[in-house]
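In order of appearance the chains are A, B, C and D, and numbering begins at 1 in each one.
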Amino acid sequence: LFYIPSGPPVDGLIDELSRTLEEGDVIVDAGNSYWGDSLHRYQRLRGTGIHFVDCGTSGGVDGARHGACFMVGGEPEPIALLEPILKQLAVEGGYVHAGPPAAGHFTKLVHNGIEFGMLQAIGEGVDLLEHHRDKLDIANILRCWRHGSVIRSWLVDLMAEAFRQEAGLDKVPAYVDDTGEVNWLVSDALRMEVAIPVIAEAVMQLLASRDSEKSWARAIAMMRHGFGGHAYGPSESARAERILGRVEEPSPEKPRVDVQP
Amino acid sequence: LFYIPSGPPVDGLIDELSRTLEEGDVIVDAGNSYWGDSLHRYQRLRGTGIHFVDCGTSGGVDGARHGACFMVGGEPEPIALLEPILKQLAVEGGYVHAGPPAAGHFTKLVHNGIEFGMLQAIGEGVDLLEHHRDKLDIANILRCWRHGSVIRSWLVDLMAEAFRQEAGLDKVPAYVDDTGEVNWLVSDALRMEVAIPVIAEAVMQLLASRDSEKSWARAIAMMRHGFGGHAYGPSESARAERILGRVEEPSPEKPRVDVQP
Amino acid sequence: LFYIPSGPPVDGLIDELSRTLEEGDVIVDAGNSYWGDSLHRYQRLRGTGIHFVDCGTSGGVDGARHGACFMVGGEPEPIALLEPILKQLAVEGGYVHAGPPAAGHFTKLVHNGIEFGMLQAIGEGVDLLEHHRDKLDIANILRCWRHGSVIRSWLVDLMAEAFRQEAGLDKVPAYVDDTGEVNWLVSDALRMEVAIPVIAEAVMQLLASRDSEKSWARAIAMMRHGFGGHAYGPSESARAERILGRVEEPSPEKPRVDVQP
Amino acid sequence: LFYIPSGPPVDGLIDELSRTLEEGDVIVDAGNSYWGDSLHRYQRLRGTGIHFVDCGTSGGVDGARHGACFMVGGEPEPIALLEPILKQLAVEGGYVHAGPPAAGHFTKLVHNGIEFGMLQAIGEGVDLLEHHRDKLDIANILRCWRHGSVIRSWLVDLMAEAFRQEAGLDKVPAYVDDTGEVNWLVSDALRMEVAIPVIAEAVMQLLASRDSEKSWARAIAMMRHGFGGHAYGPSESARAERILGRVEEPSPEKPRVDVQP
């Protein structure tokens, strides 16, 4: 029984291990491998009698300390051996045998996609709070949302704690790095023919946070300059028109022209 | 001190109340009024000496029973009167004085926007689980995510419970109704010049769930027919090409052509 | 017969005109008024016997010189009077009586929404060309796309001309201003319950081009720091993992694990 | 000098050809191969003295008849041989040597991405026209947009023609098939770290047009049922609230509460 932390040299390690391991032994990849690779590894080892189990782990640094959440994929036999150990390492209830080989890493990947969508939604919400016409007590709004709200979640907990700790957003760079795994999920979704517009959008926004050139915006500015003679850069007259044209606040009680005839 | 449940006849009720109320009394609108209307109501009552407080309430049916989450906006004086009562009705910690008049309803609206983004992200994740090449134990995956995962949240709790209760998705209609409040938020964001792509996308998807005509898809099919002679409806040859062209699974270990030179 | 150029003081001008105009005269608003306002103006003037026609004008600076494209809304009687004049001012074929009052300005608004989607699509394409692993002859690619390609269009013409004229993108600011009209269309679509994800996304991207704070990205960075201990700012290790995990180029011929069982 | 039409058996054909071809001969892949494969093929043939040129072709059925648009990638020597022939087959101006090997197919792929964004933008516009409160003369609006408008383009031409020919949208299935190439581009963009939100959204919408299950919508309905007791399926009360809360039409002239303090 072995536990491999993660990543690219996995195949090398498996080769090495498969020379010393015996029939019935179990190799567990508990890292963030792509589920397609895990499926290949399972297939490669199947003939040798050595079992392969893929295990997605969630919960971050905190999870490692107080109990993580494990999603495993594999055949019943090795899973039966592992289950007692993983249940002990997991937080109460934080274990699932998700399905056959590769199901653990796939499930973890989907989890990460949901996480990206949630992060972006919360980020946009904080942005709106920051730009309200009146100054809001954002630190306490976030703290309040942790208790009894529909969006209560660990991510809101973390947002509230970080906002208080950093005394707002100003000191934090507007740049989000990531390890690229959710890119795999977007490519998977396209092949599976499942539309995931919000998860894909969240990935695009991470890329946007790292884009200081904004070539697309330069290109659009050039076309607009071409057809409208719009000047480059901020325009006072465009801004004035925008403000004049602002959509009025909706007032259910006031008469209005309706979109229905 | 009064408590108005919600909605459009609010102004009528306020007019009625303002005739019987005395200086120093407080009207609380705890419904889902638009924050712009709440601001107008506060301004209208200011001269009369009657206080107006806007109060966003989150937590749903469950919150009403076990303690809700309150976000209030208003001036310090009436808030001081209300605070002890609301804190008693709220779940522990589920109360915030978000800011000046209208801040309560604005904060609740932002909360609802975040909720929409989270709902769509989880919905897309469940869709991916449903379409994996192997059958997954989705009921237990969702239950597992409740414990120790990064995405643990009340919405994941509800998803897990509903999935088990309904024994999957099949019996539930693929149609999402909503009361249209997050539409206000999208219009607000445009005027505030804050980009909220994921929240806006989530709203668009709700509309899409209610769209059985898909006029846009018909129009696209017609243009494609025009330039490529593509037949209307599902095409076996297109499907075959799509499958042949499927992006391979990423394999960090294998050599590959890189996007970098 | 009068011709009003555009914008906010329209109602004042109409009031003034309606005092001197006689029954049967026609007021034409050929500016970018919101169609809901045009409907109100038509209704207001109906009783006076003065006709109101709304006229959306497209074609930009170039159109004004070589013939524009007119979309008019109104009742048959005043339209019959106007048609010969507008057809003369329009480029050959560039005139339509779109429908009853307000239809002209609504049609123009939809046109602008399509324009925004096209601009963003072309902008993203240019961005991809700029970031290819090898240096491409972008000026000539754009010029080539003007002739015989599926995307040939006036906007591609303008992009090609501007790219050549400015010798690339570098000198143009990455900032797109706009007059806010398409914001109206997004609000309309929400009320009409029509999903327009690409048009809405294009509007969001214009806002993003003007956002130098990126509060949302700061917020996401803070949550990621909270759960993963991810450092703030660019991370060499994240980048290394991302590169290792890059999705391989799809190769239809090579065997691979499929998403289907 | 050879001309290969397209697709997956390209490598087999190249193997066959390379046995009979001599040093200095040129193989041209004018199909829709993935540019990464074209790069591999170029590299494989380089040692043999046989030249490889990748050629993206645009223009559809019409282009084949009246002259297409060619984007070629390759080394100067074979390109010099091909240029006169391709220029003769192309529509006037519809030829570009885009860059080194693989640049032709990459450029064509970017072209297809832009095309998808344009198609979706036009489709959404037509959807809006269909749902206006008053009946519009859509056939003539589309025809008018062909002349002098900012969005004049071949795709608008095709839309106008198809709308007239099919007498509207009703007879066309709301289902869009595609050959999956733009999926490659989305995966490329993620690896290139270029955000292409509108192109990605357009791909997602094509998938959505083919999704009759809408599992994501079922999942969202279940969570909403969980927190709000919302009934499944269309709800009269939700609809009523939505209509009451409709955002009013923007009226630049009327006083209003602003988002700015």
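Points to keep in mind about this one:
Simple rule for what comes next: contacts are C-beta pairs under 8 Å (C-beta built on N, C-alpha and C of every residue); 3 or more make two chains touch, one makes a residue touch a chain.
Just so we're clear, the structure is a prediction, and the values are computed from it rather than from any experiment.
Of all chains, the one whose CA centroid is most distant from that of subunit A is C.
Note: centroid distance subunit A to subunit B, computed from Cα atoms, is 18 Å.
Remark: subunit B and subunit D have CA centroids separated by 31 Å (rounded to whole angstrom). Shared interface positions of subunit C, i.e. residues touching 2 or more other chains, are given as 7-8, 34, 36, 40, 59-60, 120, 122, 124, 127, 131, 134, 150, 154-155, 180, 183-184, 187-197, 201, 204-205, 208, 210, 216, 227, 244-247, 249-252, 256-257, 259. Viewed as a contact network, the protein chains are fully connected, with every chain touching every other. Contact residues on subunit A toward subunit B in their complex (touch as defined above): 7-8, 10-11, 34, 36-37, 40, 58-60, 63, 66-71, 90-100, 102-103, 106-107, 110-111, 113-118, 120-122, 124-125, 127-129, 131-132, 134-137, 140-141, 143-156, 184-185, 187-199, 201-202, 204-205, 246-247, 249-253. Listed in rising order, the residues of subunit D touching subunit A in the complex are 133-134, 150, 180, 183, 186-187, 189-191, 193-197, 200-201, 203-205, 207-208, 210-211, 216, 227, 244-252, 254, 256-261. Against subunit A, in their complex, subunit C makes its touches with residues 7-8, 34, 36, 39-40, 59-62, 119-120, 122-124, 126-127, 130-131, 154-155, 158-159, 161-163, 166, 169, 172-181, 183-184, 187-188, 191-192, 197, 201, 205-206, 208-210, 213-230, 232-235, 238-239, 241-247, 256-257, 259.
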